[in-house]
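Below, each structure is written out as structure tokens.
Both complexes below contain subunit A, partnered by subunit B and then by subunit C.
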Partner chain A sequence: MTVHTFIDEEPDTGPSTTPLKPSKATSDMGDANQWTLIWYKFSRNKLAVVSGFVILFFCFVGLFAEVLAPSAPDVSRPQFTNAPPQSLGLFVTDADGSSRFQLHVTGYTMEVDPASLRRSYVVDPEQIVPVGLFVQGAPYKMWGLFDANIHLLGPTDPGETMYLLGTDRLGRDLLSRLIHGTRISMSIGLVGVSISLVLGVVLGSLSGFYGGVVDTVIQRVIEVISSMPTIPLWLGLAAAIPLTWSPLMVYFIITLIVSLFGWTGLAREVRGRFFALRGEDFVTAAKLDGSSERRVIFRHILPSLTSHILAVVTLALPTMIVAETALSFLGIGLKAPIVSWGVLLQEAQNVRTIANASWQLVWPAAAVVVTVLAYNFLGDGLRDAADPYES
Partner chain B sequence: MLTSPEMTARTTDLDKDVVLEVQDLSLDFRLRTEVLHAARNVNLKLRRGQTLCLVGESGSGKSVTARALMHIIDRNGAIAGGRILLKDQKGDIDIATLDERGKELLSIRGGRIGLIFQEPMSSLSPVHTIGSQIIEAVRLHSRMNKSEARERTIDLLRQVEIPNPDKMVDRYTFEFSGGMRQRAMIAMALASDPDILIADEPTTALDVTTQAEILDLIKRLQESRGMAMLLITHDMGVVAEVADEVAVMHFGRIVEFGSVDEIFYTPKHAYTQRLLDSTVKLEQNRRAATRVETPVGQEIILSARNLTKVYGATKGWLGGNSFALKAVDDVSFDLHAGENLGVVGESGSGKTTLGRMLLRTVEPTSGKVTFFGQEAPVDVTGLSKRGLRAFHRQVRLVFQDPFASLNPRMTVRDIVGDPLLVAGELSGKALDDRVAELLELVGLDPAMRERYPHAFSGGQRQRIGIARALALDPRIIIADEATAALDVSIRAQILDLLLSIQKRLDLSFIFISHDISVVRYFCDRVAVMHRGKLVELGTAEQICTAPREAYTKSLISAVPNPDPRNKRMMHRTRFRA
Partner chain C sequence: MVRYIIKRVLYMIPTLFGLSLIAFMIIQLPPGDYVTSMIASMQDSGANVDPRQVERLREIYGFNDPIWVQYFKWISGILLRGDFGYSFEWNRPVAELIWERMGSTLAISIASLLFVWAVALPIGIYSAVRRHTIGDYVFTLVGFIGLAVPNFILALTLMYFSYRYFGQSVGGLFSPEYVDAPWSWGKFVDLLGHLWIPIIVIGTSGTAALIRVLRANLSDELHKPYVITAKAKGLPGYKVVLKYPVRIALNPFVSAIGWILPELISGVTITAIVLNLPTAGPLLLRSLISQDMYLAGSFILLMGVLTLIGMLVSDLLLALLDPRIRFT
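After this line comes the complex of A and B, so read on.
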């Protein structure tokens, strides 16, 4: 009743496929190690890669703040308080009417309203301030090591002024302050996370590997710490910092305070992964191979964890940055003369500034938002790529 | 191909029985770097009251084809060509062209075509009662009020032979056993009286005895309701037991199609022959044919006495609990030097726990394990951590899952060499040479040792696992379901490899498996376990051909026989305990 049919050919040796790009041979990933595979998976997430570059850019800015900033962050000029941003022009028209290339900003003339005594700035096209690359300007000590006075961008005459992002209440250049703030804000996240990382990984590993009483104790400690309301606690701790301490000391204490509450999430994550890995067949196999517990942890479990830890750390960084910003904004974190994004935002606390000099709110806030978003996208990408072996 | 005139006449005659016809169906899946042609020009006809078995190994495209019949396709896939014609009084409906979210398609899914999945636990919701899930299915396809639908559901549960259906209807998924869940799934698939039933590996997750019952049930329901059935399976035994027609699928193509008798007795395509060979091969006792002498009577190398493992009998500070579970109950046996001892049992019989207790990765509650190595007898149960390490060098474990048991972050050289490195025996060049030697022993190219496990197939990975087990020159290898995750053709290869290695090295095996044919092929003696107890211990031939205990008889007779002229499952002995 049924027709018996068959294909009169040799059996296929593999599944039938057509390469998407005929020119490019499919790469053989057989001897690719874990990091190659992670990079391969990560690089397909374009948003995460772009975010990575944004983070790198901010790090670069923080690292070379002195060179990149047009002037020193604490030079104030009373005649230019709350001056609006100037725009960078490319061409100037000479007296004879010919046009030539010259980077420049146009100066202001200040007018004082006789009734309200309010200052207002009007752009004066006559005042041309020539701007150049790698100009000599305010002297500084690069990384605290050697003296220099080269700035990437600045007025060619050191006596002139250039405010690309405007100035603050005391007539300080906002761009320079923002760039110097980048160094503090980015590094506070990194330093804080490093401390959290050590605490989190050590306690999480102990908790996950030994289980039992050790696990119970560590987990209860974590629960107690994470049940505390953070802002009042920070307030209390920060208020306890003696006023006589140098700004640098305050900086380190603030990082420590922020990180002391940041490690709990990391420890939980590490513990969870440890529990999952401890039951894996390859870990049992390693034990049966005669590996000691230390060898099992360092040779088999931790290498499987590193990529996950990296992803969690990346996601923890923005919370640190936000915490520092919040503390400084409330006036209990970093204090002048140290500049951070939070300190800059502190200037924008009153309605008058927001109404008349909104740039003081916009730029530092934008820096915080962009960094936090970039870290989150990067962390998401890393988390998705962290285990390249799942199906 | 055969197309004589009278043949064509007969086929057209039969065409009124055809309820679903697949014509030149091709499915493409877009992968990262390439397009995978998962199905190529597949032609199938499902006839009323007939069972078509679609058989193939993993990756053959049988499941995606079956799902495509209901237009269930993953997002990266698409129907590249062909038609899926559902015969209707008003004319044919081409499912391939229907809108993915259209009403028409939704009424066909579950309405005219019912689907049974492989894994009943994950296809039933754990937060709703069985009843409410079936009632929902009933009401989706017919106008019934709640109490009518409930009556209908209870009736369906009765049809699938669930005891006390009026009570079980209000139970949750987790209160059902695996077999009961699959019965509930079947009841759900039957909710709207479909013309076509698609069963995707419906018994793969089940034990043999449960498998026999479920297949029995599906077959009876299908015949009494006159449904057309498409059964997807990898097991030629199941095919022989239930199929009317068979389509053999290999890498996306149907390489052979015919009646079950033709496929089993006059297979024409080389792949069908290969598939049958490896299935039939496992029906014999290869070990008996290859061994030099019977190892029974040789000196004993490992002995277990009164091994017992009790779970859950803790005395907490809130008082102990009363539901202690005896996973292994008073098991004693001896393993002779050079012997292969099989341990078979269904899931939950305690066979894996037994294997782990021999290695003491699970501590026995009571009982004793003694190992007779080159030196004085060692009491394994009393060994210190250090002594245990030495013992683990002589007694090695091969795992079931070749994917989870190899650290994906290490190269093959590091994986195989790790036990040698830890033992401090070899390092550097000598270690590298030894790894190459081991890989050659298990039939892998030594040049592959720089690669990572993800570059290897399941069978190759299992070979790597075996190489790791052999690295320390062990006396005993405990293989825990070592071939369960592999396709049937590769399964035979791995067993042959183990037998040939055994010939060269002085080895004994404890082979734990749920698969009786594998144990029969490989072992000298077989121990049958049931609910933690050792029911019967005898030679492989005796257990498989002349079992003494009632449980063993029911177990053996439930194994599908890959011979359509000699169906075993339908005449099986049943065991009630």
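After this line comes the complex of A and C, so read on.
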């Protein structure tokens, strides 16, 4: 509804009950643009909003991995292999019985079973390792640009150890590795989805805009790809990566492989929307105005699809992350020294590790599951909000 | 109906062709060929390699032909003679190695599909009829988690629990004492004892997806006038639901074979690798790592063909169930 403005003085309409002047609330939303409406609809879905924050948090962790991680991901201490998690304490009790605020973790005492030579660690409340914020620790190169050694959380004495999530079989800090893995796993999803986005939008719009033979061919290709069981296919392609390639190269190829099969859903969605919009008045008007085909596609049709594309992209992201995790888990995806959630899970492949050091399964698995769930909820919320004009 | 079947089968041919191209591409992808690796291993063992002999070997295996001739030889071997090539790692024809493995893959996939149906049907109906109750929310939550947890993580978790609380040796399909034993009642029970983990692992995400579809479809049906009519004429509650709306909402159950089957076969592959089941999965991974490409390519091809056949069956069943499809 539009708000009436009067050039002259507002005429006296008398005590009429017909609301010529719309009520305040609707007039606010009435002239709101599409994105305000989408945001309004989206923000009412609390689960989706919370999921959005979870995703932002993971992205933040990935972005500032070096600072947030208490240690470097490849620093190993052979004397602390498979050490259990330590919990962060807030108060310490001094010798005189008074307690004061001091972040700390309690140290371990290690016992070696003489028969099996297996080490077991017992958390020893006597040993107190003071922990501080913004402490100096293992040096790193921030974003590969400048040297630094500040860590958000860490033992105040760099020689001491703090393993909040335990260590792996080489005595590396699981928390630091998990945080660095977040960067790789989250970015693989985002990079992979960008490639899928380009493929899906271009092929989907060609298919939907022209129809006919172009459409048939593209639809057949999509059909072949989506009828293939994905994991054997990913395995087949990833196994062909030469062992001599640099980790960065492998990273990009894996991303490419993962995205090569992720664009089909997006292309279908775009095509369907194109079919629906092709006959709309604004498209006809643009054509009659003499716009070129390219202009009609990119300037008139695609912008009105943005919100739908955003929703489909969000729903495609978890598939990419799971795909990378699965490949790395099987040992033919990313490999050390790159750390991703899949690489971490690879360590927890056999029952013995899981039974003795279950944290090596629990935390990376939790990271994967929480991310996938959050993306799904966020995507569902976006999809519901994508078309604010319906109903 | 016959026309529909013929049309549908003809429709499959280009897809099969595309599938075989992808499988062939995967076979060709790794650098070098079998002769290269054979020369390498011969040189490792100190043998002298005669360049002329190498050339002759390449000639025999057809590695000098243009790529499309190689493809034609490969595919015609499969189609005409059932010859899938030669596994260089096992020194046996691929055809001898794959059938047993593909059989168990198919068996586990079908068992998982039955599991998916058996679980999704009652839960889906319950969730649709009792929408927005505690039970519905619980199933929705479990379903979401089922969708979000990747197969192999679920497999590892169940492996851990089964080891920790049942003391059961997980992995494989049989306990050690039954592996080579002839079929007996004991062996069958033992098989069931091992089979539940992979079936739950593989079936969970499909079940969750199907419950969502069934719930959505059935909820739409439940408010249609014919249901109200059925209620009004005094049919008992369960009959109103089961007799009409469920039968209409069942269509996605049949069409689900088409999109769940690729997922199941995918799932069987990775789960079998984690749990070490004697299906195609572990052998495929091994052949890929050792670049035994004819074996790997054949597995990928056959898995694709299997899903295509599944889709065909699901389309035909659907046409049989729903006349609207076969007459359009």
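A few comments on the model shown:
Keep in mind that, in the parts below, the second predicted complex is superposed on the first by the 346 of 391 C-alpha atoms of A that agree within 3 Å, B and C clash if a C-alpha of one lies under 4 Å from a C-alpha of the other, contacts with A are read in each partner's own complex, and residues count from 1 in each chain.
Just so it is clear, a contact is a pair of C-beta atoms (placed from the backbone, for glycine too) under 8 Å apart; a residue touches a chain by one contact, two chains touch by 3 or more.
In this text, all values refer to a predicted model and were calculated from it rather than measured experimentally.
In the overlay built on the shared chain, the residue A:Thr284 is in contact with subunit B alone; subunit C does not reach it. Of the two partner chains, neither subunit B nor subunit C is touched by A:Gly212. After overlaying the two complexes on the shared chain, residue contacts for A:Gly97 are found with neither subunit B nor subunit C. When the two structures are aligned on the shared chain, A:Pro242 is found in touch with subunit C, with no touch to subunit B. Look at A:Tyr389: by the touch rule set out above, it reaches subunit B but stays clear of subunit C. Once the two complexes are laid over each other on the shared chain, residue contacts for A:Arg295 go to subunit B alone; subunit C is not touched.
Once chain A of one complex is fitted onto chain A of the other, the partner contacts of A:Leu373 are limited to subunit C, with no touch recorded for subunit B. In the superposition on chain A, A:Leu345 contacts subunit C only, with no contact to subunit B.
On subunit A, the surface touched by subunit B in one complex and the surface touched by subunit C in the other have no residue in common.
Those residues of subunit C that touch subunit A in the complex are listed here as 14-15, 18-19, 22, 26, 29-31, 144-145, 147-153, 156-157, 159-160, 163-164, 170-171, 262-263, 265-267, 269-270, 273-274, 280, 284-285, 288-289, 291, 296-297, 299-300, 303-304, 307-308, 311. Listed in rising order, the residues of subunit B touching subunit A in the complex are 1-3, 7, 10-11, 14, 30-31, 33-38, 40, 59, 244-245, 250-259, 262, 266, 268-272, 274, 359, 361, 389, 392-393, 396-397, 399, 401, 404-409, 411, 418-419, 422-423, 450-452, 454-455, 465, 468. By the touch rule above, subunit A contacts subunit C in their complex via residues 220-221, 223-224, 226-233, 235-237, 239-240, 242, 318, 322, 325-326, 329-332, 345, 348-349, 351, 354-355, 358, 361, 365, 368-369, 372-373, 376. By the touch criterion stated above, subunit A contacts subunit B in their complex at residues 1-7, 10-12, 14-21, 24, 26-34, 37, 280-282, 284-291, 295, 300, 303-304, 389.
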